[in-house]
Each structure stands twice: as structure tokens, then as C-alpha cells.
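See below for the structure under consideration.
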Amino acid sequence: MVQRMLKSVVGIALACAFGGPAIAQDSKVADELAKYREALADGNPADLLEAKGEGLWAEKRGPKKASLEQCDMGLGPGKLEGAYAQLPRYFKDTGKVMDVESRLVHCMVTLQGFTQAEVTRQWFSKPGTESDIEALVTFIGAKSNGMKINVPATHPEEAKMAKMGEYIFYRRSGPQDFSCSICHGQEGKRIRLQELGNLTTKDGAGFAMKTWPSYRVSQGAVWTMQRRLIDCMRQARWPEPNYLADSIIALETYLQKTATGTVMETPGIKR
Amino acid sequence: MGNPMKIRAANKDGVTEVKVLVSHEMETGQRKDAAGAVVPAWFITELVAKHGDKTVLSAEFGPSVSKNPYLAFKFKGGAKGEKVTVSWKDNKGDSRTDEAAIG
Amino acid sequence: MNNQRRTVLKSGSGAALLGMLAAAGIITPGMALANWNKAAFDAKSMADTLKALGAGAPADSKDVQVTGPDIAENGAVVPVGVATSLPNVSMVAILVEKNPNALAATFTLPADTEANVQTRIKMGQTSNIYALVKSGDKFFMATKEIKVTLGGCGG
Amino acid sequence: MNLKFALFGALSLALTTPAVAQKSVEAPGGKYAKDAEQMFRASFRADNPKYWMTRLDQDETMKTCQQYRDNPPRPIGQKLEKLNAATIRYPVDGKLIGDWKEGEKLAAVGTGGHIGFIQPDPPGRVRGGNCYACHELAKKEVAYGTIGPSLHHFGKIRGNSDEIIKYAYDKIYNSNAFTACTNMPRFGLHSWLTPEQITHIVAFLMDPESPVNKD
């Protein structure tokens, strides 16, 4: 045992000795990557979706021919400035902790008269098929741009959701032994060339949460936080949780609570 | 007919810089869908930018221009409040025109 | 439809409405579109593409720059540009050597438009990017390699 | 506490991160852990194929790692390491070094094994080792992750003794045999990779001709 440990000490020392040129190469890669990301930042296709979402928000739609302008995202009917940054939160009228997407769907059902199935059928876009939800969430998110994430989770139901989110964050299973924490529980790591961030700290969670919703160039679409987290689970080779599942809202509550205080920069654009 | 474009035009020292974001799928014709069928090509072929009545750029695109195309260029002239108009046409015959005021 | 119209109208632009009418086929778009150069865009190799563009074998020029990062985080969106200090530039083009069809885009530049254009292209793999420039009646070219990397979780 | 144990403790403190205050760290979810498990399990479609749902089951290692936030007290970690070491199986012909070229391919592949309705892998798609997601290997691949240590020059540094070869094989087969609750998957245990595929990756790490040991 001790011998094995010593062996790995030697291994580490050697790796450090060989670390010099790798670092030089790495910093050049990092510079060029920064250049790539900077070039994308000016001209974010999410802006196109934000404009579409703004139109959808105000348009009279559904069996009740109503707009969403009376939708209460937590700060009162129609008050969108800063609402995204304060979700998920507990809503008295439903007796549930809801995130931006579950609340939006709730409004489309109650105010506009759509059925839940109608509203969520296209909860994410595919090439050639647009998603109203993506557009609306991009618009609602942008109304919190520049504001601080603020999910203290002080209501007992919110506190419980945050705790349950923490449980899921560390829960390992599947054929790769994955959990959220194995990639997102340490400082300064990256997967391939993408920085991962330690989501258990304010800085790490803040860095991750502040840019969503985000246009993903690899997907050619804006991803909402539900999409982001459900896809993490797909990548873990688990089955997909249902859209708007409580376990996703719990994870969001945990992450937003941890990120609280970070200034939003949304919509973002990333790989 | 697609969604509106986002056009920004700004004049500085007599030169107007134009940045355009177009909402378009730009399907290559080489991708397969989940069922394994080839998704037909669908992309913008031509785009023209005008300052007033004067053409300031005309472009031809192939399907390897990225989804939601982005374009930036500069022309001499242009004054605050004047219009820049951008039009595109795709291989299915769809087209669209939007405009913005130079800021 | 309605929401698009609303958004457009909100931006307060009459020409956007014109666009709506144009798209609806009520009026023809106010543009004189050139004929899309099918032969050039259908060509596979660099040589065939250059031929179809009437560029023959262009000379390399230090006065032509391909702008863009050395590394792309994803091949679906690679920011690239062409800039040149050569005089009387009437056309620039962007070619990707290893794409199935090399030609990505061509730009025709009237006299008052600067020879400095940026766009975003798809790259199937790491490849040389070529910027082609027509200055006077001569063609010039420059190249740069852009590395396309795999990213994220890998799937 | 005898000297050997103390020395070991000091070493593991130096090498692993905070192995100290585990007793005070609450298990994730706290008093809501049970509720959370129930809620999580209720998040999936009822018509999911059964074998999909088995991917949510946790063995003792997974459960214990979760409970201790991947940082179990040493005695518990040792118990898990023993348990995992006992699972390692070898190719029938006993050869632990395969074809490095095959290993190189597997190291770069990150697809395979995705299920669900949104973006599943097509049936029969090869599952890769996805080594580059976490490790630096051949110099020419600049897009490597840093979750795991650099394995550049793995064989060149360590030599190719039988002991090192076996270590590499065992580590890929079941990483938890060496470090309980490591981030690295247990590729052999879950049959994610076959023993033969593992020998290819071992070759990629060890072979003097492999790009891992060049440049």
C-alpha cells in the first residue's frame, strides 16, 4: 500500500517535471480559445429568439385569446425584471416550488387555456422546428440580465428542494459511475477544453448559472436550464427525467442557491 | 419567410459598420435525421445589403455558412438615421427583407 | 406569423413591413440578386472551385489575411474573415479545403465597401482556410489552418 | 495507532484532499435524503424500458461514495477497494497488451451507450473509453481534459514491467480497486469496455510506438 503511494508520488513528480512545455502549449490553446469565444460573443443568435419571445409574450394566443402579460413569475403579474434571477421559488397558488419553465407552462395553461401537453410538446427545438418555450425563456431570462441571482431558499419548501437537489448532485449511478459532482465538484478542471467549474461553491455555481439560457453553437439552439440538466443526465447514460420533473427543479434550486449573489449575463453563447 | 433579422449599423469617422444576424436553418443536405433519412439542403443562397438605394454588399452563400448566419462589413459613407436594408433569398425560394437605421 | 409581425412592427421599421409583403409575394424584394454560382458551390476540390470562380491559380499574397482563431471549440460555428490592403478589390471568397464542397461564401464589394468581411462557417474537420481576393483583374490568395476540436462530454 | 498506520495516514493526507473532517460532513440531502431518492425515482417515464431504469440502481460502492461525497473515511474506502479489486477479470489468453492503434481510437470516442428519447445513440454504436475527456495522452491531441492526471509518456516514464502493465489494466477495469470513489468509471466492471478493448488501451499507454510515448 505504502509502496503504491510512493510510486504515485514519483509519478506526480515526473508529471510535474514534464509539465513545462505542456503549460506553454496549453496557454497558447487557451489564448486561441479565448479568441474564438470572443468572436462569437458579438452576434449571439439568442438575440433573434429573445425578440421572438418578446412577441410571443405579448400576443393574444390560445383558447382564451390571452397574452402572458398577466403571468406572475414570482414578483407579481407581468413583473419580469429580475424574475428569472429569483427562480426557482415557492408559489402559494400552486403550493409548489417552481422554476421559470414550470411557471411559464403554468401561465400558458391557466391564462391562455392551452393544455399542458400542447404547451410542452415542443419544449425544445429541433432543426426546422422552433420551440415557443425556448423563445419565451430566452426573453424572460434577458429581463434579468445584469441582476444578481437571488435564491436564498428561506421558505421551508425551497430549503427542502435545495437539499434534495444536493442529494441528486452527489448521487452516483449508471454504467460510468457518474454523478454531477464527479465533474463539477472540484476546482480548475476541464473536460476536453471546456472549463467545468466547481458547482458546490458560489463562484463555480455562479459562473455556470449566470449565462443561461444560452445559445449552444454545437446544437444550433438556445438551451434552457431544464434542457441543460436533462442532457447532463443523458450524458451520464441515465434515462431522461421528464420535462419539468421535480428532481430537475430541485437541482436548479440547489445550484441557484449556491450561485446567489452572482450577476446574470444572459442570454449566453457557448460551445 | 423566417424570423426577423437583427441588423446593427453604426457610423464612425465616415465609415459605417454593419453587423447582421439572420435567422435561418442553413441545412447542409448531408445530415441524416433520427430515422436515417437525408435531410434536404435548405440554405440562404444570396444576400444583398443596401444603403438607401445603393448596394453596399452582395453575398452568395453555400450550405457551409453556419446556422443563423452572421455577417459584418464596412462601407464608406452613411449618416446617422439613414437606412441600411438587408435582403436574403434561400434555395427554396423564400426571402425576407429587414432594415435598420444607422446609429 | 402574428408575433413576428408584432416584433417587426415594434422595431418601428417600415421596410420590415416591406419585407413581410415581399415574403408574402405581394411585391418583389427590392434587390437585384445575382445568379447563384452553382458550379462554384457544387465543386468539390479547391482547384475545381477556383476554376469555377474564374480565378485559375491565384498567387499567394502577404497582403491578404484570413482572420480567425487557430482553434475552434466547435466545427458548427467557426468565425472567419477576409481582409486585404490590396487596391480595387471587387470580390472576396472563403474556401475550406477539407469540406465536402470547398466554397463557403463569396462577397461582391462595390467601390466604397472595405475589403474586410467577417462571417461564420461550418468545418467538418481541421482544415486550411483560404481567402481569395480579386484585386483589379487579378486573383490573390492567403491561407491559415484552423484546428477543429472535439469538446464537452464527447457525445 | 502503530507507526505504519500513522505514516500511511500522513501520506494519504498529503496526497488526497481533505480527508480530515469527514465525520462532521453531513450526507447529501440531510434529513431529506429518503424523500429525495423517492422524488428522483418518480422523475422518469413509466414506459421506459426496464434495462434503462436499472441504470439508476446503486451498488454498495456508489451508495457509499454518495453518502461521503466521494471522500469516504479511510477504513471504509479500504473496504470498498478490496471489494472492487475482487471483481477484476482478465482476457482468456492472459495477454494484457493489445493493439495500440485500436486503443488510440477508443481513447478518442466519447459516444455510445446514450439512451432516452431526445438523443439516443443508434443501436450498435461502439462505446468508447473517452480517455481524452479527462486525460492528456498523445501530444498531438490538444483538446484533452484535466479531471484525471496527464498520461502523456505513461510507458516512457514508468517502463513496461509486468507490474505496471497489470496496474494499467486493473485501473481501467476497476478504478475503485485503487482509489475508492475516484471520478474514473469502472470500465470493466460495467462491461462498458471488454477485457480485449482494455488491453488495446493498455497498449496505447505502454507501447513505445504509441503516440502517447512519442514527442
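Labels for the chains are A, B, C and D, by order of writing; each one numbers its residues from 1.
Simple rule for what comes next: a residue touches a chain if its C-beta (ideal position, glycine included) is under 8 Å from a C-beta of that chain, and two chains touch if they have at least 3 such contacts.
This is a predicted model, so every value here is computed, not measured.
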With centres defined by CA atoms only, which chain is the most remote from chain C? D
Taking contacts as defined above, which has more of them, B-C or A-C? B-C
Any idea how many Å lie between the Cα centroids of chain B and chain D? 48
Compute the distance, rounded to whole Å, between the mean C-alpha positions of chain B and chain C. 11
Return the distance between the CA-based centres of chain A and chain C, expressed in whole Å. 33
Rounded to the nearest whole Å, what is the centre-to-centre distance of chain C and chain D, using the mean of the C-alpha atoms as each centre? 45
Please set out, as single numbers or ranges, the residues of chain C touching at least two other chains. 4, 7, 71, 76-79, 120, 149-151, 153-155
If I count partner chains per residue in chain B, which residues reach a count of at least 2? 3-4, 66-67, 70, 72
Could you say which residues in chain A touch two or more other chains, in rising order? 29, 43, 51-52, 191-193, 217, 220, 235
Those chain pairs that satisfy the touch definition: A-B, A-C, A-D, B-C, C-D
Chain A-facing residues of chain B, complex: 3-6, 19, 21, 23, 25, 27, 31, 39, 42, 66-68, 70, 72
Once bound in the complex, which stretches of chain C touch chain D? 71, 147, 149-151, 153-155
As the complex stands, chain C meets chain A at residues 2-4, 6-7, 10, 68-74, 76-79, 120, 149-155
Give the list of chain C residues in touch with chain B in this complex. 4, 7-8, 11, 13-16, 18-20, 22-24, 29-34, 36-37, 41, 76-79, 81, 96, 99-101, 103-110, 112-114, 116-123
Please name which positions on chain A make contact with chain D in the complex. 1-2, 4-6, 8-9, 11-12, 14-15, 18-19, 22, 25, 29, 124, 160, 163-164, 166-179, 181-183, 185-186, 188-193, 196, 230-231, 234-235, 237-242, 245-248, 250
